[in-house]
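Look for subunit A in each of the two complexes below; its partner is subunit B in the first and subunit C in the second.
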Partner chain A sequence: MSSHDNMPEMSLYQPVQVEDAIGIATELAGRGWLVGGGQDTYGWLKDRAKTADALIDLKGIESMRGIKETADGIEIGALVTLTEITRDPIIKERYSLLAQAAGRVASPQIRNVGTLAGNVSQDVRCWYYRRGLNCYRAGGNLCYADTPEGMNREHAIFNASRCVAVTPSDTGPALVALEAQMVIQNASGQRVVPAEDFFIGPNLDIRHTTILRPGDILTAVRIPAKWANATFYFEKVADRNAWDFALVSISAAMRVNNGVIEDSRIMVGAVQATPRRLTSVEQAIRGKPRNESTANSLGNLASSDANPLNYNHFKMPLMDNLVKRAVRGQA
Partner chain B sequence: MDVAPQETLAHTLRYKLGLTGTKLGCNRGECGACTVLADDVNIYACSTLTHEVKNRAVVTVEGLRAADGTLHPVQAAFIEELSPACGFCTAGQVMSAVALLKANPRPTREEARLAMSGNVCRCGAYDHYLNGVMRASGQLS
Partner chain C sequence: MTYMHIGKDFTPPDVEGKVTGAARYAEDFKKDGMVFARLLGSPIPAGRVVSIDASAALAIPGVLGIFTADDLPPAPPPSNPALAKEWVTYIGQPILAVAAESDHLAEEALSKIVVEYQRRPFVVDPLDTLTEGGPDPYPNGNTLIRNAGEAAAGTTASGTDVGRVKWSIDQVAAFRAGREPVGAQFGDEWSYGDVAARFAECSTVIEEPFVTIGQPHHSLESRTGMAYWENGKCYFHGSLQSHTVGHDALSAMLEIDPANLVFINENTGGGFGSKIFPYPMMAVTGRFARKLNRPVQLRITRAEEFYIGSARSGMQGWIKIGLKDDGRVGAVDVAIVNDAGSGGGGSASSSAEHISIMFQPEAMRFRGLAMYTNTTPRGAQRGPGQNEMAAVLAPMIDKAANLAGVDRVAMRRLNAPRMDGKIGARQGGISSSYMPEAIDKAAQMFNWDQKRSLPREISATKVRGIGVGQGFHTAGSNGYDGLIRIAPDGTIYLHTGVGNLGTYSYAGVVRAAAEALQCDWDNCVVVHGHGDLNLPHSTYQGGSNTMFTETRSSHVAALDVIQKLKEIAAAEFGGAADDYSIGGERVFRTSDSSKGMSYGEAAQKAIAMGGKYSGMEYPDDIHRTTVRSVQAMQGTGLIGVAKDTLPRSGAVPGMAIAFCEIELDKETGKFDIVDYTAVAECGTVVHPKGLRQAMNGGGIWGFGMAGFERHVYDPQNGLPANVGLYQSKPPTYLDVPVHMNTAGNDMPDPQSPVGARGIGEPAQGCAVAALMSAIADALDGHLFNRTPVTADMIINHVAQNGFNTGNLKTNTF
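Right, the complex of A and B next:
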C-alpha cells in the first residue's frame, strides 16, 4: 500500500456547542469522525486505512475545556490537553499519578495538542491493523499478528480474543486506578460510566476499544476525591522515551498508613486490549508493609496466568518487576 | 487564499504560501521537522488542519528574524554551536527551542532535553542542539 502526502478530500464541521456536535455526529453516524487533537486521526486518513465523509472538530466547544473542582474531586474537560494536565496545580498536587502518565505520552508537540479524551479513545497501534489490512478488528476474519511469523513483540499477553492488540493509552490505566468517571453525552442525554467499564476488549466488541458509539461524545472525566493525595507509582517502559507506546506501564494508587498498605488499585497498561487491574496483587499486599520484602513475596503473581505470543514473553517478567517497584516504592 | 477543509497547516505553508522553511519529514507527527508555533506553543504542522489554527498566531522559522535581518538568538546560538549537521531537522529544532525559551527562559539541560524530545535528528546531533539551547538561554558562553 502506498503512502500519501495529502489528506483525502472531506468536509469539516467546527461546532461551538456540544449539542450541535452531537447533532452532526448523530446525523453522519459512521461517516463522521470526531477530532480533538487529531493526533490519532490524520495518520489513518493519510494512509487511506480508514475513511470518513466529514471531520467534526470539537476544539471550539468551550464547555469541554478547563479543569474545575467539584463537590467530590475534580472534573477535567475532554479537550484539556495532556500538557495542561501535566502543569495543572491541583492535578499535580492531588492526582500526580495522572500528571505523570500524561507527561509520558508521545512527544511534547503531541502532548501540546493531544487531549485527555483522545488519549483514552485512541485506536490500537497494531501495525497490521494500522496498515489497513483486513484483520478481525477491521472487519475481516484473520489476525496477522498472531501467526507463526507474525511480529507480536508489542502485543497482548492477556485476554486476547481473535485480536491480540493492546491498549496504547498511558492515561487510561491511571484513570481506572483513580476510579475516574467518564461523562458521555448523546442525543438522548448524558450518562456517567466508570473508567473501568469505559474500555472494552475484543471479546465484547472487536471493532471498538471503548463503549463510545457514533453520536456519543466523551465530554468530561471526573476524578473523585477518594484517591486524592494517595501514594502513587507510575512507570512506563518503552523502547524510546519519546513517541513510543508502552511495552508495559504501571499505574498504582495506594493508601499507606504507618508504612502499611491499607488499600490499593494496581493497573497495568499495554498487556491486553484494556487497562488490566491486578486484583490478586491488591489482595496480596493489603495490610502488608510497603517494602522490599512485600514486593518480593509477590513473585510472579501478576503474570502467572499470562498467555504470551511468540515474541512477547518478555512482558511477563517486565510486568512482575514493575509491580514490585510499585509495591516497594522505588525504581 | 482558499484552504480546503482537510488541508494540513504544513501543506498550506509550503505549497500555498511558499514558506518552505517548514520541512515535511514523515508527515505523520513522528519526526518534528514540521514544528511551528501556534500562540507560542510548538506543534506539528503536518498533523494540524489549517482551519484548526485559523484564529491563532502561527509563527514559522521565516518569522523569527528581526526586521533588520538579525537572526533570532536561538538561530545565532545554533550557528555558534555548530548544531545542525545536514540541517533538515534544523527549522523544527529551532522552533521547539524558541517555544521552550518563551515558556522557560533558563531551562536546565535536562528540561531542555525533554522539551526538545519531539524532534528527531537523523545525524544524531542532539547534544549540539542542546548546547545551542543552553547558549541561547545565556547559560553557556
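Right, the complex of A and C next:
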C-alpha cells in the first residue's frame, strides 16, 4: 500500500464554452473527468482510488456562473459556489432553505471553492469505498459495510441495495424540497430533469449517484417560484458543527396559512443513497396546525420502514426528532 | 515576589514567522541535488514479506534506488523497526523506501514494486487476542515480556521479547461485561495499603467498566525529514518536539559520532508525545542520504503520518471505588487492558497514578496488561494514561459522591493532594501542591455554588449539565545544562536546547535567566533550533516537563554568569566578588556603583582573561553536547555554563481543575459548551499568554477526546477508517466555546527558582473530565463508561435503544 498525494500524470482541458466542454467530454467519455471546485476530485485522483486520462476543467465557462431571475423563479449556474449561494440576496429572501443548506456544507474554505453542481454530484462517502476497496459500487461483488462486523455508523437505514452508502449532499435534499429542475446538456442537446429524478439509488445504478453519464454536463439548477417565500426548516446533525457530513439532515418546505399546513415537501438526507422524501409525513400533516401536537402525533412515522445496520440504529430516533422539529417549527 | 520578567507577557521570537507563514518546517528545506524518497507500506495487517521485486521500478529513468530493512541494523523485538524486516504487523507499516529525482517519479516507482506477502490471522481488539484460542498479532505472541535474566546470560539480544498471555473465555466475557476478571493474569501489578480492609470501611462502593479509544496524533506537520552529508557530517532537517536531548540518539541511529551531526529544527508543527525523541524513520532518511550520497527528503504523507505517527493507547478496564462516610476515598481497585497496537506500549500504570494523586486513596491496587494488536503503534500522547483515566473517572467519581451524599466539588477538594500528598505505588512525596486552593479558585470563578442549584431542564428538549474534572501529570525533572554568552557588544545570548514544539516554552524558560541577570529582554537573543548554534544539553519536551526543568537550568547558568561578572569586576576594581552587585546590565561595587562596568565591557574582559570566563575551561559535570557548544564559543565572550544540581525531591505535579456547563439537546444528542472555566495548579505563572494558550489548546483537545475524536479499525480486514483529519474529527471552532476562562493558581513551587511547574498535559485532562462529568450530569447521572460520548450514543440512550455500555470494545469509534 503506497500512500500517494501527488496528482497523477494526466491531460488537462480548460474549455471556455459549454459546447467545447461537451465535445471533449463526449470524445473522452469514461476517460474524462469533469471538475469544477475539485472538492470531490482531487482526493479520488491523488489517492489513486479512481483514475482518468484527462481533467476537463469547467471553471472557465462563464455561462455556467451567476444567479439570475427567470420568468418562473431563479436559475443558478452550476459553477456558483456554495458561499455565493449563502450570500445571494434573492436566495436568502425567497429560498432561504437552500441558503441554509449551502451554509452548512463542510467548512468556509470548502464552500468558497465548492460548487452547487459539485455538491449535488459528489460521490458517496462510504469509507470503505473511498479507500479503494473493490465493493459493489466499485465494481466488485461485496459490501464491507453491510456485514455483522462492518463499521456502518454513518450508513443507510433505507433502500439499501447491495450498497448501503448514503447521499452526502446537504443541498440535494433542499433542492428536491424546492422542486428544483436540473439542466443537463450533452451532445444531443439540453434536457431538464426534476431534482427528485436526478438522484438515483443503487437499485437503479450502483455505480452512479445521479443520472449524469459521460458526456453529460449539469449546467444549471432552476428553482421554480412555487416554493418561494414558503415556510422552511433546515437542520443538519453531524458529529462536528463544521467540516463534517450529516448523520441526518432535514429540509422542509411548507405552505402554512393561518397556522395550518396546507402543503409541504419534507426531505431527509443521509439516510439512504438519495434524498428521502417523507410523503407519509407530508400527508399526515396536511391540513393540520403547525404545532407541537401535530409534531408529536407523527410518532415514528418517518422511520417506521427503516432497516438499520449494526451501528446506525440512532438514525431512526434522530430522523423522527428532526421531522418533529420541522413540523413544530423549532429546535 | 515581584519579578522583572516572570509572570509578564512577551512576544516569543517565532510568533511573527508563524503568523506570516515565514516560519520554515523540515519539509520547506531544499538542497541542491536533493532527491525524493517515499515509503511503500504493507497492504495487509499481518503476515510475512516473502519477496520484494523492485526491478521494474529501478528501471525507470530517474529512480535512484531502494532502501530496505537490510540497510538498517536489526531492531530488538518488539520494537518497531523503521522498515519491516520479515513480519508485518499492521496495515501501512513501511516495507521500503524508494528514491527518485522527483516526487512524482518516486510515486510512480512505488506502483512498480512487487511485494509478495504470506498472510497471517490478525486481530484489532485486545480482548480478542487475550482470549484463549484467539489470534496473536505477532507470530510468537501478543504482549511484551521481560527476560532480563536471559539477556544477561547472552541468550537473547535484549531484555524484552514478544510473549503470550491468554485469559479464559469466561474471564474475558466477565471483563467485557464489566466485571472483575477473577484470577486473570496481568503483566504489571502494584498496590499499597490493606485494600480489602479499607473497602470494608467504606459505606459507598461502586464498580464500573470503562473503555477509551486510542487517538491518532495526526500532527499537523508530518514527520518529513531531509538529510545530507558534507565532509563526513550529517545535516538533518527534522521534526521533533525536543532538540538537543535527541542528539545522541539520532547519532546512534546513524552510527556516527555525535560531533558529526547537525540537527536543524527551528519549528515543529505538533508532536503531542509522538515526536519527543528521534523516531525510527529518521534513520531511513539519514542513511538513505548516505547510501545515495545525495540530499534526501523522505516525505511523509498525511495518511502515512497516521500509520507511523502512533496513537494513544486505548484502554478497557474495570474499577472499584470505595468512599467512607465523610466522602474520603478509602480504597480503589483498578484493572486495565491497554491496546498497545503494533509494538507499542500502554499507559495503565500512569492511569492508576492519576487516581492515586488526585484522590489520595488510603489503599489501592492496580493491575495492568498491554496487548499488541495489528493496529497502528501506540505511544505517548498528551497525558498518556492520566488523561484517559481522568475522562472516564470523572462521572464515576460523581456517581460515588452523589451516592455518598457529598457535593461533587467538596468531595474532590476533600481528597485533593496537599503539600504532604503522596503518589503511586511507592507513595512517594511531591514537590508541592496547592490543589485545594486551585479548586476553590476555579469553583469561585465558575460560580459552582450558584450553578449547581440551577434547574437541569432548560426547555422541552434541552437540559443543562454541570461538570467538574481534574488533570494531572508529573511536570518536572532536573540535571540538565544551561548556557549563556554575553558578547562584547553586550548582547546576551540565551542558548537553549529546548525544542520549539509550538508552546513557546523554549523562549519562556530562558526568561528565568533574564530575570536573574536583571537585563532588558530586548537585549537578549534566544538561540535555539540549530545544531550549529552551540546549544546546551536540555531536557526533553514531553511530560509537561519543560517549564520546571529548564527554568532551573537557565537559572543556574545565569548564576554562573553573575559570579563571573563579579569576579571580573573584582579583578578590575579590587575587592572580592561578593563585594559586587548587578543591575541595569552593569556589574558594580555595591558600596560604590561608579566602580563597575557594563555587561559588554565585562565580556571583553572575559575574553582577555580567558579560562573559565571565556569558555576555555568549563565544569566537569556538563554533558558532552554542552561541552562541544562551549568549545565552539571559546574566546567569543563571557560564557556562563552550569549543570542544574539544585536540590530536588519527590514528584513534581502539574495539576488542573476545570468546570464545564453544557446545554444538551436530547433530540439530536448535540451539546453546546456554554461555560468552561479552568485553573492550572502549575506554580508561578511564567508567561501568562503562554499559559492561556496551553489551557485553551489542552481544553479544546479535551473536548475532542470527550465528544468527537475517533479511532476505527475494521475487524474484517484490519483497515483503519480515519487516516485523514476530517475522518478523525478533532473539534472545530464551531464545536468549542468562543471564550474559555482560564487562570493560574500562581503559588510558587519551592523547588523551582522561579516557582514554576509544567501544565501542558493536565490542561487536556481536566477538560475532558469536566465535559464527561457535565454530559453525565445532564442525563441524570447516566454513565456511558467510555470516551468519546458522541451524538449517536446520547440519542440511543435517550431513545432507550439498548446501547450496551458494558460491551467493552475499543477501535470501534
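We adopt the following convention: the second predicted complex is superposed on the first by the 330 of 331 C-alpha atoms of A that agree within 3 Å, B and C clash if a C-alpha of one lies under 4 Å from a C-alpha of the other, contacts with A are read in each partner's own complex, and residues count from 1 in each chain.
Heads up, the rule we're going with is that a contact is a pair of C-beta atoms (placed from the backbone, for glycine too) under 8 Å apart; a residue touches a chain by one contact, two chains touch by 3 or more.
Everything numeric here is computed off the predicted structure, so don't read it as measured data.
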Contacts of A:Val120 with subunit B and subunit C, given as first, second, both or neither: neither
Which partner, subunit B or subunit C, touches more subunit A residues: C
Partner chain(s) touched by A:Glu9 [first = subunit B, second = subunit C, both, neither]: both
Contacts of A:Trp243 with subunit B and subunit C, given as first, second, both or neither: both
First (subunit B), second (subunit C), both or neither touched by A:Asn112: first
Which superposed partner A:Gln39 touches (first subunit B, second subunit C, both, neither): first
Which superposed partner A:Ala21 touches (first subunit B, second subunit C, both, neither): neither
Partner chain in contact with A:Asp57 - subunit B first, subunit C second, else both or neither: first
Those residues of subunit A which subunit B touches in one complex and subunit C touches in the other: 5-6, 9, 107, 241-243
Of all residues in subunit A, those that touch subunit B in their complex: 5-12, 14, 38-39, 42-43, 45-46, 55, 57, 59, 83, 106-110, 112-113, 241-243
Partner subunit C, residues of subunit A touching it in the complex: 1-6, 9, 48, 107, 127-128, 131, 133, 144, 147, 149-151, 153, 235, 237, 239-244, 247, 292, 311-314, 316-318, 321-322, 324-325, 331
Subunit C to subunit A touching residues, read off their complex: 38-43, 91-92, 103-104, 107, 110-111, 301-304, 307, 460-461, 665, 667-670, 708, 712, 714-717, 719, 721, 726-727, 729, 731-735, 790-793, 795-796, 798-799, 801, 812-813
Subunit A-touching residues of subunit B, taken from the complex the two chains share: 4-8, 11, 24, 27-30, 32, 35, 41-44, 46-49, 51-52, 96, 114-115, 117-118
